[in-house]
């Protein structure tokens, strides 16, 4: 579904990604691990067009998308849920979710997707008319994920969904992601520091270090300790 | 982030075009340069345009006659924008640098042009109508002996209004209900000095100033000030503000407020209705308004001048400065011809000092104290107008009067 | 020391020598006048740049500071007969005190564009204050015949006095930029968090710049009135404001030489453009737009690229010959 | 009492004019964070274009307004596409756009001067006559002015609330990366915002032109007042701008009545200072 080859990306003059290659197959859950500041978020931003890469190829459903503007990539069915959430804070939950269905192909499915989001996150249904600036961190995270689901996506890229949440909320978020994967057979690429949780649900994992893929494993072949060790 | 390489050729092109404009200013030698600092951009540009046209026409006509003392004239202008002191100085320095034989302007003033050109020897003729520019001449006649104001200063408005305003009411057969006067003036020396002179003189006559409002240019809502007038019920409302839009808004809002309800008062304005936009903007609201101008196209030869202007520019002269600027030019030409030379500044200046010149604005005779054109019916008369049917009708002084003043519509 | 002596130092010395000798090389009064304007405006621009480009205070009111200084010096000299040697520093101090207390303290608690707007409104309030105090300030008439630096001063005298002032103030600004305080500004500008970690007190550092910049701008206002003899509210008008902003941006924000170069371009360019008559401001506007679109770093950027080319040439020569 | 009420009416009229000055400014700033320092001149251009159609071709007022709106939309979009858009991609875009618009303002002001000359023009009143209730008297023109301003604000807020494009504009205003993530074409929305803001600004120029009269330079005054109002009300907030405009208009009228016109700016400055210190985000601004 997604095939990345020899991706190089820069932040100003600083090279952040050095020849990254990876692939994601339909229906898979892929976890991307690695120490902070080693290029995981940059990779996701490069894929979704927020920070276009300098060299290399990104093929999504067999089509080259490297260098396309973000909105065209979203229209092809790729959703990115940023770590910073980037919600529209002065709008209600419902308005945020509706804006998630902004891409043309998502408009016909608004009703179905909205019901599904409320099915996954019943709490959002209660808070639908509340301004996003008044939500708790966990609820805001739910809106961000829900907004991604609204875009009628076929690949969901989630950047550190559990960061800054209480332990209980973390579990709820991971459960929701698992549920989305199971019920919709959604392909998911997740970046996470909570190795244990992410590993449990992944088919394969990649470990990134210094802007490169250090190794790739099947989910069941690797232990948490091994990954942690690789960080150093 | 790799910065784009700047297109060096573009920059060079700008530099070249700059230097081309620069070198274009070098001119021939034999011609006499007439320097003209004029407000060509900014809020006074509409007067500035008329001054420019007047001077251009004067130079062209003189050249067609074979020039001045056989030499061709060339007009060198400088834009003084919104009359900022800094600009006048820079323009002044530049005109001097170009070795002009005379400097003539309609007005170019924020109170400094007399000082700028007074530093030099060639004659400077202006119609700024500002005490700021004549008082320096009075204080230092030797240094500023080359500065002439070919019109009376603004205080003449105050003197004239204090002497004649109350007569106008009597001519209309109107009896003033009280001795209260409202003064609305803008913070600009041309207006403030005139208004203050007026206040001083009328107080001496036993009148009382009940509203004394200073504004800045650009008042849009006159409502609160009109309310003050309503409360005070003065017999005279006097308005001193050079900006035609301020004045037009004032009259429009005045007639809205008092048109039906009535106010037993005469309304007087200093000069501003002479700016053609005023009548266009104020429209019927200006009916019955009294106003004066200390320079007017009332001299002999005005009609002929107007025809020549129309022939040249295909439009009528639009402001008083289309006429009066020509007087400044002609005074200088006469003085030069009499002296027989241009650069003999002392002689030329002496001739100007002794001028008795019947021009488009009246007879110019300079005062000996501060070298401004004498004010009065036999010299440069202040003319009283009243607006009726969208026209400025001359209602005074007697020598020039064409119509009888009538009661304005808001007096019931 | 000798090692540091390169073609650039030679250029600086040449330029300074030229300015020193210029009145003896047959400069017209007009050109001297332009240079005086250039000296004063480049000081105003350089101080503005110190606030905007270094300390990140987006002030739009610096013309107002200059006017306060100018009026203070003018009134002191005219009404109280105090010699210019004293009025100029007093003007600076008064400006600094008034502006820092009435504007700096509140404004610096705000951020970004709010500072810009508050300072802009501050400057726009001044003309009506001048009108209210017209017995002393002359209102819209302004102050005229303000005594020169010394009796009987001519353009050449004013030229040299302003040039000395220009060098002194630029020296101060240079020192400030390269002092620990200056470094703190640069740290603040580049990363607020990082500077915070270094223990930089943003408010205090900014207030210092504010005080210093208004002091020097006020003094420049004092120089202005003594050199030129007049000041009026038109000095606070929209055009001087636009032109000074243009100087900074045109020259290059946040660089030492930028505002000076910008002042040179605007002061001399604007006067030369006067020859274009009514098209002057049209051309000036077009010039500003063009430079921003194509030279976002300002004129200084162009000089830097020239510098690189010259340096390349200088380096290449020994190897080829 | 009578005077006070009349002053309030004057204040209401000034307030609605000030609101008109602020609207276009707040739209552009709200969405793109570009502070339009050419705002006043843009309003003047809209007004001049309308005046030109009215006086030279005798086009009916409504049609002239519509044509000039279309012209302004095109103008705004082109200006964005060819100048602002490239500038926004540069690191110091915030100030380079300010300066660019300043330069463009000087340029356009003088182009207007070259084309139309320096003489003052006026745009005809929207209606004749006046409404009288007891001692209060308001011109129909001014009532219409207030109504139009209110309707324009209502229409704008409905547009922002309920249309797809309007929602996208609000989304971009609140979070650019957020908007990108949901697939909004930022450049397109910016372009449309400039077009919309220029339409609103040009329209406000027509309204202001009826009262202020037109000359090429009048725009700077409108812009400075617009700045005050926009900041006072909260940057990017339309309703805040309206409230601020009314407050400042009323303060101006009352201050003129009891203290004199010359006190208006100093009082504004102090008010401004107080509001900013108590609520740095402005009266109705969402965030600081």
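A few comments on the model shown:
For clarity, chains are labelled A, B, C and D in written order, and residue numbers in each chain start from 1.
As a convention for this text, a contact is a pair of C-beta atoms (placed from the backbone, for glycine too) under 8 Å apart; a residue touches a chain by one contact, two chains touch by 3 or more.
Note that this is a predicted model, so its numbers are computed, not measured.
Fewest steps needed to get from chain B to chain D, stepping only to touching chains, is 1.
Under the contact definition, chain C and chain D share the contacting chains B.
Set against one another, B-C and A-D show the most C-beta pairs in contact at B-C. Using the mean of the Cα atoms as each chain's centre, the chain most removed from chain A is B.
In this assembly, the C-alpha centroid of chain A lies 51 Å from the C-alpha centroid of chain C. Inter-chain centre distance (chain B to chain C, centres taken as mean C-alpha positions): 36 Å. Centre-to-centre separation of chain A and chain B, using mean CA positions: 73 Å. One finds 41 Å separating the Cα centroids of chain A and chain D. Shared interface positions of chain D, i.e. residues touching 2 or more other chains, are given as 110, 113, 262. The set of chain B residues that touch two or more partner chains comprises 1, 41, 45, 187, 214, 216.
Listed by chain label, the pairs that touch are A-D, B-C, B-D, C-D. Across the complex, chain A meets chain D through its residues 48-50, 69-71, 74-75, 79-82, 84-91, 95, 98-100, 102-103, 106, 133, 147-148, 150-151.
Residue ranges of chain D in contact with chain A, taken from their complex: 164, 167-168, 170-171, 174-175, 177-187, 286-287. Looking at the complex, you find that chain B touches chain D at residues 1, 41-43, 45-46, 48-49, 187, 213-216, 218-221, 223-225, 227-228, 230-231, 244-245, 248-249, 256-257, 276-277, 280-281, 318. The touching residues of chain B, counted against chain C in their complex, run 3, 5-8, 10-11, 14, 18, 21-22, 24-25, 40-41, 45, 77-79, 81-86, 89-91, 93-94, 96-97, 110-112, 115, 132, 136, 186-189, 192, 214, 216. Partner chain B is touched in their complex by these residues of chain D: 2-3, 6-7, 9-11, 13-14, 17, 91, 110, 113, 117-120, 122, 130, 137, 139, 211-213, 215, 217, 221, 252-254, 256-257, 260-262.
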